[in-house]
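Should a chain be cited, it is by its letter among A, B, C, D and E, assigned in written order, with residues numbered from 1 in that chain.
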Amino acid sequence: MIESFGWPEFMFLVRATGWTLVLTVVAFLFGSIVGGAFAIMRLAQSRILRNVASVYILVIQSVPVLMVLFLSYYGLSLAGFDIPPLIAASLSLGIYVSAYLAEIWRGSIEAVPFQQWEASSSLAMTRGQQYRYVILPQALRISVPPTVGFLVQLVKNTSIVSVVGFVDLARAGQLINNATFQPFQVFGSVAVIYFLICFPLSRLSKHLEKVLHVGRTH
Amino acid sequence: QTVQDIVKRGKARIGVLIGAPPYGSVDAQGNAVGYDADVTAIVGKYLGVPVEVVQLTPPSRIPALESGKVDFLIATLAPTPERAKSVLFTIPYSIFQPGIYAHKNANITKWEDLKGKKVGVNRGSSVEHELTSREKDLNLQIMRFEDDATVMMALFTGQVDAIAGPDAQANAAMKARNVTDYEQKFIFARQPNSMTVRKDQTDLRDWLNNVIYYIKLNGELDAVSRKWVGSPLPELPVF
Amino acid sequence: MSAVHIENVHKSFGKLEVLKGVSLTVEAGQVVAIIGRSGSGKSTLLRCINGLETIQSGRIEVVGHTVTYTDEKLRALRKDVGIVFQSYNLFPHLTVGQNIMLAPRITKGVPKEEARAQAEKVLAQVGLSEKFDVYPDNLSGGQQQRVAIARSLAMQPKVMLFDEVTSALDPELTGEVLLVMEELARGGMTMLLVTHEMNFARSVADFTVFMHQGKVWEMGPSEELFSHPKTPELAAFVKSTLK
Amino acid sequence: MQYQFQFNSVLAESGFIMQGILLTIYLSIGSIILGSIIAILFSALRANGPRWVGGLVDVYVELLRNTPFLVQLFIIFFGLPSIGIRLTADQAALLAMTLNLAAYSTEIIRAGVDSIHRSQIEAGLSLAMTKRQIFQHVIIVPAIAKVWPALSSQFVLMLLASSICSFISVQELSGVTAIIEQRTFRSFESYIVATLLYLVLALTLKVGLLGLGRLIFPRVSGLSRVQVKGEAA
Amino acid sequence: MSAVHIENVHKSFGKLEVLKGVSLTVEAGQVVAIIGRSGSGKSTLLRCINGLETIQSGRIEVVGHTVTYTDEKLRALRKDVGIVFQSYNLFPHLTVGQNIMLAPRITKGVPKEEARAQAEKVLAQVGLSEKFDVYPDNLSGGQQQRVAIARSLAMQPKVMLFDEVTSALDPELTGEVLLVMEELARGGMTMLLVTHEMNFARSVADFTVFMHQGKVWEMGPSEELFSHPKTPELAAFVKSTLK
């Protein structure tokens, strides 16, 4: 049993950071795919698709992720769907991520001047071709900084996965503190590790913001 | 679900609480250790199948049980009548004595001395219920924290005047932090803890009762108590 | 067969009726200038011709295509009708060459080599051969506008529509673009152009159309129209803009 | 698994839940108001103050945005007493939320300020205004109007993140439902009720902020929106 | 004392020298037009006059203020010198009235009532009395530009600088704005205006300055300058723009 906060305990934190990173990456990838789909739906010509997407985004952004995870992991089990914790965590975080990315990306797509749509449709392109060759490449540039910015928040928000049994960085800190009662050393280390992950990402996002803003006309 | 079902499956999934030493904790490798973990190992031995120890947080204990993620809980839960409306409890397998802890200089020897004071407690515990029942009479300001470590932190930083908590945990905390100016003021109850099963697992509950009875007699439980609490197994009440 | 045939077209935005029964016929090879006050519906008319706006009634036929609002038909139409806007609208993430080659390659399946040769040709036509690999950002407004024209030309349209293509430009840069358009006119391209450059309309356009309050108010051979306006509205307009 | 939902034991505590809701609202609205004020001050300092003050604001923003809220909360509640500042749990929660929200909002407002075209500043200068007057009268209102959607979602996120304050004994909505859950073991019922209540609160806040935006920025539709990076707590 | 006195001013952006020794004197009540090719430094010169750009050497004196780069001095200067830009730069979150009243109230401490009366007066001067409570969004470009002029006038400047105030406007809207400027000129305001409207320069400006390559290349009474350019550069410029 852990007696005090020392090197092995610090390594425990570092190992737990692995889960934090894995879940961040998985949730982000999953969220990107779903979020991308919703971003496009949100801009679709069909009113029904647009409304479905807005309601989805609005609701997901308005409930605590912890609850989503909780109800999907334990609740679905009650209903007879037994999903492994990794899947439940990835799905819940991914759903959460998707709502935010959908919003960010919709904004980025809308930030492409509408004249670009007109110019490309005047050149006889199909809607798919317009997205593929004209709109998305431009939206991508616009979206990178806010997307990276969101990723920074995601790193910290993955801590909710402890409810399905993952010992991520935040949870590991809590466990060690429970055993050692040395909150300042333990949570100090936790904060430093988070900072070491998040700060470079924040910088990157700022850097991209600067770099990518050149190269836009009009 | 019966014991036979578990044996047939060839694996038992037992939920333990972690984050509440010395009953439930982890080692630096992240494995569950403590009183509950050792009892779990013994129960696994009598089941005769490998045990998957599922580590749980306080809010996920009951959902994990009810959703079938675990077969039963050995998770330091106090059998209160209100809770028993939702789940079934075995006879107790551990016990601790919740007491009031405060600064040495504080003149507290009985409940009345806490009048109007701020008292910290773990919000997930049955001790909290005990305090709440006296809240009105004593005009207590109860502060309910996330877990025992946070409760102790509140005491040590002076954010509460006193705390109510299990003796074993309070002692462990004071020892770990090497604090000498806090002490136990009085013990106000005995809190036995039970293993927990779902409403429909009466067969399993009976079998677990049997195991508890058995390991009380053969000294195995006493050894666990000596190892983690540091004292012989006290008399455990039964129902 | 006429290149553009517009018959009693009505177009409203919500309650605002912008085109109130416009009829106009342009023969192949003709150059027609459209002039008129701001808000008279000139841009809207051009945009209706290549289907960027939906009309409420009337009929538009362009080089054999009746304007119909299905994606298929619109794309077919737009392969034959080029349009150039005031605000260039180049694709900023593509080089000049890529801007020009993109549409022929993906909408007509022109092979890469051929598209390239074609792009070089139209770029030479607008006098910008050396800018093939440059990004639009690094071009002056006049150069960007010429690339936009080249991009349209690369689709080998039968009709070109120009909407005030010089009004965002300095007088000097304007010159460059007008030169290209004159060249095209001489080459026999059917062209409809909305313009504020009366002198240009006068010298290049075979016919000039004066739009007023959503209607073709007056039209005729350019020289005649300018020198002998029949309606008081046109007379006032000519006077105010030549001031 | 046949599970019988029983909401009565949870709903029996509706008075207790109501207290939690009120505290959640109090903390959220309080931190939104105070956090916004601080954020505006910080933005002004960053725009017009001495370089080193701007640098301090940057450090503040980066420190708070890149560390977990829970740690910030602990430092305020458990750490400050060691330097003689003792706050109640509710005060500590309000302070932590305010400081956290101030950091995020400062960053969001920065994007808005940056998006104000230089020509607006020049117009102010040409009219003989001081830098401070320009910030106050020319820049800040359109800047906030432009980032209002991003600010609003940050506010909603703060509302949801206020649940973390239950760690230090704040009996806001999630704290209250956790207590009820532990007493009754009606876990699903407790959490479903909590989730729905959060949904209602968040949607109400969102709609309210939208309306407020229309009210204080009547021209908001005329101003083009700006993209804002990272908008989650 | 001359209203504006510029003496051998040099101004560089980094390595690029934009003004290469400009000298110019404008007497009170004179109207001076500045013309020249894009990039010749016209805007930069105007911006130097009210201190928006810092000069490297030389001296600028405006109605008794020597341009000095301390906030205090610059503000004092700017109370006497109004400038209007091509891009209006109205404050979008304020109504027309608020736009106009803001600066007098906060920089000169004019009481509310007085500021209002003053605003109404200048708004009438530009012919937009009825737009007092309207937001800039809801105005046409020409109207916005007139409000921008009114906003400057409300500071009761002694000198007004105009930088291509009509070049973002349609020919028709341009007319409105030029009218206001003519009115001001008649009222005796000292004015420096950068313009592309040669006809306007010709008819309103007492003197015209032709800038070329960062220098005052040629200057003189407007009519004379246009009809008898002395340098080949001006001759070419006049020809190209009057085309």
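As a convention for this text, a residue touches a chain if its C-beta (ideal position, glycine included) is under 8 Å from a C-beta of that chain, and two chains touch if they have at least 3 such contacts.
Treat the numbers as computed from the prediction; the structure is a model and nothing was measured.
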| item | value |
| --- | --- |
| Partner chains shared by chain A and chain D (touch criterion as defined above) | B |
| Two chains sharing the most contacts, counting C-beta pairs only | A-D |
| Identity of the chain that, by mean CA position, is farthest from chain C | B |
| Chain at maximum distance from chain E, centres defined as averaged CA atoms | B |
| CA centroid of chain A to CA centroid of chain C, Å | 46 |
| Length of the line joining the C-alpha centres of chain B and chain C, rounded to whole Å | 81 |
| Euclidean distance of C-alpha centroids - chain A vs chain E, Å | 51 |
| Residues of chain B touching at least two other chains | 59, 63, 66-68, 153 |
| Sites on chain D at which at least two other chains make contact | 1, 3, 74, 78-79, 187-188 |
| Which pairs of chains touch, using the document's own definition | A-B, A-C, A-D, B-D, C-E, D-E |
| Residues of chain D touching chain A in the complex | 1, 3, 62-63, 65-71, 74, 78-79, 153, 156, 160, 163, 174, 187-188, 191-192, 194-195, 198-199, 202-203, 206, 225, 227-233 |
| Contacting residues of chain A [partner chain C, same complex] | 113, 115-116, 118-127, 129, 133-134, 137-138, 141, 215-218 |
| Parts of chain A lying in touch with chain D, wherever the complex brings them together | 58-59, 61-64, 66-68, 70-71, 74-75, 77-78, 80, 100, 103-104, 107-108, 111, 142-143, 145-146, 148-154, 156-157, 159, 170, 183-184, 187-188, 190-191, 194-195, 198-199, 202, 205-206, 209 |
| Interfacial residue positions of chain C with respect to chain A in the complex | 50, 52, 71, 74-76, 78-79, 82-83, 85, 87, 89-93, 102-103, 106-108, 135-137, 144, 151-152, 155 |
| Chain A partner contacts - residues on chain B that touch it in the complex | 18-22, 25-30, 33-34, 54-57, 59-60, 63-64, 66-69, 147-149, 152-153, 156, 173, 176-177 |
